[in-house]
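Each of the two complexes below includes chain A, the first together with chain B, the second together with chain C.
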Partner chain A sequence: MTVSSYFLPASVPEALGLLGEHGPELLVIAGGTVAMPLINEGISLPGRVMGLRRAGLDRVERAGAELRVGATATLTQLVGQGDVPLLAEAASRTASWSVRNMATVGGNLFTPPPGGDVATALLALDARVVVAGPAGERTLPLTAFWTGFMTTALASDELVTSIIVPLDEGRTAFLKFGRRRANTPAVVTVAAHATLEHDRVVSIRLALGAAAPHPVRLTRAEAVVAGSSLEPAVIDEAAALAAEDADPVADAVASDWYRRRMTGVFVRRILEQLAGRAGRDA
Partner chain B sequence: MASVIVGFKLAGREVEVMASPLATLQQVLRTQLGHTSVKDGCRQGGCGSCTVLVDGEPMLSCLLPVQDIAGRSVTTLEALTPAEGLHPVQRAFLDANGFQCGYCTPGMEMLAVALLEHNPQPTREEIEDALGGNVCRCTGYEPIIEAITAATGSREAGR
Partner chain C sequence: MRIQGSHRFTAPPEAVFAAVRDPAVLLAVIPGCEQVAEVAPDEYEGRILLRLPGAIGSYRTHVRLVDVEPPVRAGLEGRVEGAMGTVDGRADFVLAPAGTGTAMDYRGDGRIAGPLARLDSRFAERLAGSLIDQGLRALDARLAMEDHE
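Our next item is the complex of A and B:
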């Protein structure tokens, strides 16, 4: 092991101080479920590492119409959030029990695809990311957080400290398609939040994970669905646009061709679920 | 940075180890404390053979820097095994032939113990979900599920 220093700050100011002192050379980890396998295997050879498990960022609390999730809250803590079923389900469908006891919500934002199921659910819920840096805190929408494959809007001296989830009224749905039921990486993950008036869609957010360089909103599909009554022709068009907008990679889980095709299938299914209709097969 | 002294509870006793930066709980348990039931399987968090309980919750010791769990309580299969005889979960695995080569067994049993602590009467589906991160290449899982189901019964009978 090449690691010469491992820091375990006990507060955010201490963590920011270490980041300022050591700069981008300092690898920040939390649950360790993504970084530690790479370090154990010698693929990642960091000299200095900072762990956030003791930085006091693991609280999940309700504040008015929002849920404030500490960056190092575990996925197991989210599974217990029964009043936000979309988050609880996304967390419960991620990895295995032991991993969920370690992996963090903040860390899920940095997990390369096909990881990021919880991040995909957070995107559908219009979550915001609270970031701390030397100049204080700033908040940015999750839609502005990712800038590319494994790149974010975070400056090298900043840390994600919490994620704010608005608890809007509406229907939600989450579909993860993997090669088996439990502990499986996604072929595609789709999450949705919609408000309906009678049968008409007033607003909709559709998020896609595992089939793009980072979780993305399917804005063209959303535009077709908004204002509609989720008629079959609308769903067909939205599914086709979603498949077009997917930008998947090929890996051991699935080919890019298959992920694109499944994006269409699962966007169709999630819209049918929101409409309260039994799914048709593609 | 030099090694640091890390103290935690193991099997109810305070232990202190010298740990190099980012040393994992798995390395410390195996090489310094002799708890070799904690297997060194994939070191990727992918096989579950290094599962231990930290404050009663299953975690993968290969991914856990030992400094992170300073002051917390760690349980391994060595800690659960009585001086004489077997823990009811071990007995159930033996009776149901819940292992062949035995490599996955400590991780499976730690997970089973944690599951029964959280949920004394798990359904078959709940057992399957709980075992989702623990790989067995010999048994095909059926005898393991049988063993855990039987351990449920023995716990009830033992009350």
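Our next item is the complex of A and C:
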């Protein structure tokens, strides 16, 4: 079976209508950078496909204290926005120019590990996901979006329409470790957002990508760091907890052992970066 | 493809074992399950629709319970078949009382054939593990809900 129908709706209501009409066997794609390689390889064999590129979901706009990122905004658009430097950096470290021109922010939420660099940054930024369905819109925190490896809380008749990023004050950092400098899948990705008062950490969000079934918050490491002044002993403990909490899978990029080990190393480095200290070797 | 894992249920082993043989329960808790019917004693057929990023597939499933020792252990032999390939395999689970609940241990082996086999087997194992975990969590929630009714 090959693709027999391709739909290109011009609005969200039209897209939801098509989804309702054709049911859950309609494959929904945006940039197609996840789906098309699978289809071309003959691994994925959808009969009907709906592309969201013309559905009017590609805007990136500031609205008060939030950045609203349309689900089909490309990673290149994220690189070009100046409101959230962490997102620009995460997007710029993802894949290549040609892929970034096609890949979308919404699609990055569905990219299985070791993908999902932008999703990891969004998690550190406490982003929310706006989902549209037959009953209207609902918004859920990104922490509740993923339910397992390649599975999400999205119902079969729903679409992700936008991602809302709070423009909180604070320091941010993003570290991606791959086998090459550019255009490389991650061994591990770490993103952080912290607010500090006179060198004391008031609050911190640490997100880990590529070393878990989906991007996850490192809550035990966060709890150790919150309230501290990022002393070396605190950083050591947080890095050790992060490595313990990683749940990596082995693939052609790295073994699970190595990913766990690098989780500790890169959580240490990102905390040292937040503290304004040069990184030490692990 | 090899799978193994464990799960804790708040319900006792008898309730967990009965639920695993109830088509209505299976329909409700298996991710993407669209139909299931008992075609012979301890033999089930069904259809599962998997919606994954970039891939959607409908799978016919045929599963038979074997070596049944209620409420302690059973094996599941079967075949999952769709346009993306087939999985033939067997899984075994053991239930043990744990406080007022149940501890389940399971392990299984599957042979993947067809286009699906082009995926890294570690990828398929992780996906299978995730779907099993989701199903067992749903089963636990359903049994806990029944207990409160």
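As a convention for this text, the second predicted complex is superposed on the first by the 281 of 282 C-alpha atoms of A that agree within 3 Å, B and C clash if a C-alpha of one lies under 4 Å from a C-alpha of the other, contacts with A are read in each partner's own complex, and residues count from 1 in each chain.
In the analysis below, contacts are C-beta pairs under 8 Å (C-beta built on N, C-alpha and C of every residue); 3 or more make two chains touch, one makes a residue touch a chain.
As the structure is a prediction and not an experimental result, all values here were calculated from the model.
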Touching partner for A:213 - first (chain B), second (chain C), both, neither: second
First, second, both or neither for A:112, with chain B first and chain C second: second
First (chain B), second (chain C), both or neither touched by A:41: both
Partner chain(s) touched by A:183 [first = chain B, second = chain C, both, neither]: first
First (chain B), second (chain C), both or neither touched by A:102: first
Partner chain(s) touched by A:251 [first = chain B, second = chain C, both, neither]: second
Common ground on chain A, meaning residues reached by chain C in one complex and by chain B in the other: 1, 36-37, 39, 41
Contacting residues of chain A [partner chain B, same complex]: 1, 3-6, 8, 31-33, 36-37, 39-41, 49, 51, 53-54, 76, 95-99, 101-102, 181-183
List of chain A residues in touch with chain C within their complex: 1, 24-27, 29, 34-39, 41-46, 107, 110-112, 147-151, 156, 213, 249-252
Contacting residues of chain C [partner chain A, same complex]: 31, 49, 51-58, 83-84, 115-116, 118-120, 122-123, 126-127, 129-131, 133-134
Contact footprint of chain A on chain B as seen in their complex: 1, 20-24, 43-46, 48, 51, 54, 57-60, 62-65, 67-68, 111, 128-130, 132-134
